[in-house]
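The following pair of complexes shares a single chain, chain A, combined with chain B in the former and chain C in the latter.
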Partner chain A sequence: MRRRIGIPRGLLFYKYFILWREFLEGLGFEVLISPPTTKEILFEGVRNCVDEACFAVKVFCGHVAYLKDKVDYLFIPRYASIEKKGFLCAKFWGLPDIIRNTFPDAPVILSPNIDCNRQSLFKAYLFFALELKKPFFKILRSWQSAQNKQKEFELLMEEEKFNPLEAMGLTERNRISRRDSPSIRIALLSHPYNIYDSVASQDILKRLEDMGAEVSTVEMVSKNRLKKEFGDFRNIYWTYDRELAGAAQHLLKEGIDGIIFVVSFPCGPDSLIIDYLTRLISDRLPVLNLVIDEHQSEVGILTRLEAFIEIVRRRKK
Partner chain B sequence: MYLGIDVGSVSTKFALIDENKRLIFSLYIRTEGNPIQAMKRGLKMIREESSFPIRMKGVGTTGSARYLAGLLVEADIIKNEIISHAIGTLNFIPEVKTIIDIGGQDSKLIIIRDGIPIDFSMNTICAAGTGSFLDHQAQRLGVSIEEFGDYALRAKTKVNIAGRCTVFSESDMIHKQQLGFSKEDIIRGLCEAIVRNYLANLGKGKEILSPVVFQGGVASNRGVVEALERQLRTEVIVPEYHKVMGAIGVAILAMETTHKEKEFNFSVIDVDFRTRGFECDGCPNQCEVIEVLREDLVISRSGDRCRRWEVGSLEKTSAFVEIERG
Partner chain C sequence: MKCSLPHMGNYYLAFKSFFKTVEIDYSPAPPITKRTIELGAKYSPEFVCLPFKINLGNLIEALEEGVDLLFQSGSRGACRYGSYLDLQKRILEDIGFKDFRMIRLFDTTDIGESWSQLKSLNPKISFFELLKALRLTFAKINTIDKAEDLIRHTKPYVSKSSEVESLHQNFLQDIDRTDNFRELKRKTEKFKRSLKEARNLNIQPLKIGIVGELYVVMEPNSNLNLERQLGDMGVEVFRPLTLSHMLKDFLFLGLPRRYYLRLARPYLKFDGCAHSNISVAEAMLFAKHKLDGVIHIKPHACMPEVTAMSALCNVSKDYNIPVLFLSFDEHTSSVGLKTRLEAFVELLKRKKKCT
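== the complex of A and B ==
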């Protein structure tokens, strides 16, 4: 019988789900993902998680609560770094432990150790699968196909400008409506788990598109382009925040009318980097900082977005 | 004539302007937690006050209850308070570069260059240092809010009050009272703290250039005006109509959008409007759907993420039929 493994729809799901699914299915698991965040999932997350964690981790906990009784294993990799001399936020290092301690009754958590400062991505997944007693060639085949699928997925975002959920095939692709003569171009810069979770983000992305803005995100800028733009930012410690800075730089050159940063309260890395970027950019372009958390009111977000879009339009005229 | 209505958390403002953007009539009343009643009360006062028949060419609404207000008076335009305030102020002081607005529960900073709003910030979730906080403290100290500012002007010594958080600042004030400082000194300390908090919170990274205009209910407080001038080291202009600037702004915006003349329907004063809510059980999202009823007719529903409850579109769905029956 195939064992069922659950992937919570939160945090790095928005970046690596395709890689994970392909690899795990290749190894013979049946993969179950939690549904898009609902209010119930959100409440469960906030109820179970420690208060000090960031909002995105609370949402993640909600998804774990949803999955834990429905699967044999949970797949929660430990992501310490994805490149040499670059690190991820400590919450990704500790995530499997956070979950294990938050949910003592959770099923066995399977978590490869991803730390590219020590070993390559391939080795990390290889050792992980060997420990599960999977045959070497099966692992190799699964890894190759997972990597190919992941590359296809990333190209769909970079070249066709699909958002992650569309590129994963989890939501309908509606790129055409997006290109309907946009009057303004907005860069929505944040971690994907903040902006593609429509409940947690209060639908910021959709609201912007409804207001007639063409929205660009980090995922839509190619990795090579990002690297070229690092320049002064190359020493930023956190990989994803460095990418945000690079994307801001690149999109500024490409010509956008305004930048919106979305921060999950109380994100440590973002509180430094977003503030730094805001200071760099705000005398060139209108910049809006939005903070999302479990106490947000819809009115607060709506008023700020409306006013921001209007200011961008009036300035352009 | 054009009417602008600004329904905020603490106060409701009305402004009537003519074709030349001149203010004919304005009204400032307390919302008292009931925006529908406040609007009706205000409209009644306008009808009684004006001896002439009012030919209205356009109506606009703004403020945190702008959508509800817009429904009630069938507004021609509903606009957020940032833009409304900017447009209102630009009408009186075209050379303005910075607008500081402190209202009942929120504060705003609007940056204007060459007559165009180019940037803004608003206070975050916390309402520390806004009008309702001052209201509360005035009450606690036994000073009417109208005199509050004058007390600050009579202060003799400097007292530091923590202004980051409403709760902490209140306990700090009590502490300073117990040390024996006078009411005057403490009130001035509070005014300084509010301005310090405002500039640190909203002014971060923003270039505050003069002319600086200060408006909103708190601009009536001379103590806060003085603290602003001291900390900004520049003159701060408080326009004559500072309390109703948002209403004036949205009246002007209504003028820019509509041109058809019609008699304003004051009958809404006597119509019964109600709001009720229910939790939709169509999916796990459990959206809180809010309905506005005119007499017994539902005129708007909001809060549903999927829009299935939208008025007009849902008569066909079975869920609606069940609700109507049940």
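== the complex of A and C ==
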């Protein structure tokens, strides 16, 4: 019988789901993902999680609470760093431990230890699979196909401007036809788990598109381009925040009309980096800082978005 | 050129002698007051951690005093501490301070860089002189830590805690005045003796251990004098986390840290960066040594310590030791803190009576 493994729909799911699914299915697991965030999942997460963890971690906890009785294993990798001399936020370092301590009755948590300052990505996954007593060649084959699929997935986002969920094939591709009103270009800069989770983010992405804005996100800028823009931000050592800074720089050059930062309360790296970026940009372009947490109201977000779009439109005229 | 760096506890005394030996003009930032914290909070990003705000307040006040070279430490890791420097520099420029330099003082991931920075400030300095300066600094840090430790273990045993405080203040002044190893040792011995005489060992105080984020643990102004408040309530405080402890960890190539990581293994499988694992391991050690309770303190939304919090809940259950979680930011009120501390101490007293 194939063992069932659960992947919670939160945090790095939006970046590496394709890689994880291909790899785990190649190893002979049946992969189950939690459904898109609902009010109940959100509530469960907030109820269970440590109250000072960031909002995104609370959402993640909600998904774990949903999955934990339905699967034999939970797949929660520990991502400490994905490049040399770069780190991820401390939350990712301890994520498996947070979950293990928050849900003592959870099924076995499988977590490869990904730390590129110590060992390469491949080695991390290899050791993880060897520990599960999988045959070597099977691991190799599934890793190869997983990598290829992941590359295809990233290309879809960079070149065809798919959003991650569309590129994963989890939602229908849906582009609204451009309105007659003068189209404006907005950069929506945040971590993917903030903006593509429609309940947690109050559907900011779709609302912006409904208002007739063309939205660019970090995923839509190619990795090579991002690396070129890193120069000024050498001192930022959080990989994802450096990518944010690079994307902001690149999109500024391409010509956009406004930038929206979405931060989940109280995100550590963003609290510094977004402030830094705002200070750099705000004399050139309108900038909106949106903080999302479990107490936000739909109307509050909508009002702020509408006001911002209005400002951007007038400025363009 | 006059230099300054943010405060942490009484360690400015040690840095003073360091800069004196390497012949760099140093004036300590004005002591942390309410104004410092308010200034820092005013110009800081909204939900950045408390050390950032207090540090920024220190830097602003130092610049107001006419300092033109600022140091900020911090090494790369997942914690926010390492990137304080860039944002603080930018904020200070935005406030309107011109003509100042800001330098990374001590980066554990890049020692060579620190050396070349120092060389550029004082080209005459030789490696031997640096070693001499470091040795004196370490000795002073060690002495300061030892004195504080003595105070913590003496206070509950004496009838008048204010006397101990004044002895401590005098001793700190003594440390400031001496630059001589032998003198330092003699004065420490004298201080130790005078404290030992005052103790009345018939008292059996409550024993509480403090764990948590390093800055809030070490800087009494950021935790509203938590240790002193506990001491005045007649509690013996245990606090292993000191700067000398961290320096030793660095000198022994991180081996003590590895030991702690291993201890915390049952609760935290991975290194959660900074002090999260050490907090958990220390709490476990406190429980094994039959302390009455543990207080875990951290700045609001500290990233690594949140990981520790979830584990500490389970430690508390498994070892049957009460844990009080306190998080500090610029809005924490001293009355609120006092109420919670009194309630916690009362709870521990009852628990002790019942068993």
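Structural remarks
Heads up, the rule we're going with is that the second predicted complex is superposed on the first by the 309 of 317 C-alpha atoms of A that agree within 3 Å, B and C clash if a C-alpha of one lies under 4 Å from a C-alpha of the other, contacts with A are read in each partner's own complex, and residues count from 1 in each chain.
Basically, contacts are C-beta pairs under 8 Å (C-beta built on N, C-alpha and C of every residue); 3 or more make two chains touch, one makes a residue touch a chain.
This is a predicted model, so every value here is computed, not measured.
In the superposition on chain A, A:311 contacts chain B only, with no contact to chain C. Contact with chain B, but none with chain C, is seen for A:39 once the two complexes are overlaid on the shared chain.
In the superposed model, A:199 lies in contact with chain B only, and not with chain C. The larger set of touched chain A residues comes from C, when the choice is between chain B and chain C.
Contacts of A:279 after superposition on the shared chain: both chain B and chain C are touched. When the shared chain is aligned, no partner comes close enough to touch A:120: not chain B, not chain C.
In the superposition on chain A, A:148 contacts neither chain B nor chain C.
In the superposition on chain A, contact is made by A:303 with chain B only, not with chain C.
Residues common to the contacts of chain A with chain B and with chain C across the two structures: 279, 291.
Residue ranges of chain A in contact with chain C, taken from their complex: 50, 52-54, 78, 80, 85, 87-94, 96-98, 100-102, 104, 111, 113, 235-238, 265-266, 268-269, 271-276, 279, 291. Of all residues in chain A, only 35, 38-41, 198-199, 203, 278-279, 282-283, 286-287, 291, 295-296, 298-300, 303-304, 306-308, 310-311, 314-315 touch chain B in the complex they form. Residues 45-49, 52, 76-80, 82-87, 90-91, 94, 267-274, 276, 300-301, 303-304, 306-307, 309-311, 313-314, 327 of chain C touch chain A in their complex.
Residues of chain B that touch chain A in their complex: 64, 80-83, 116-120, 122, 124-125, 205-207, 283-287, 303, 305.
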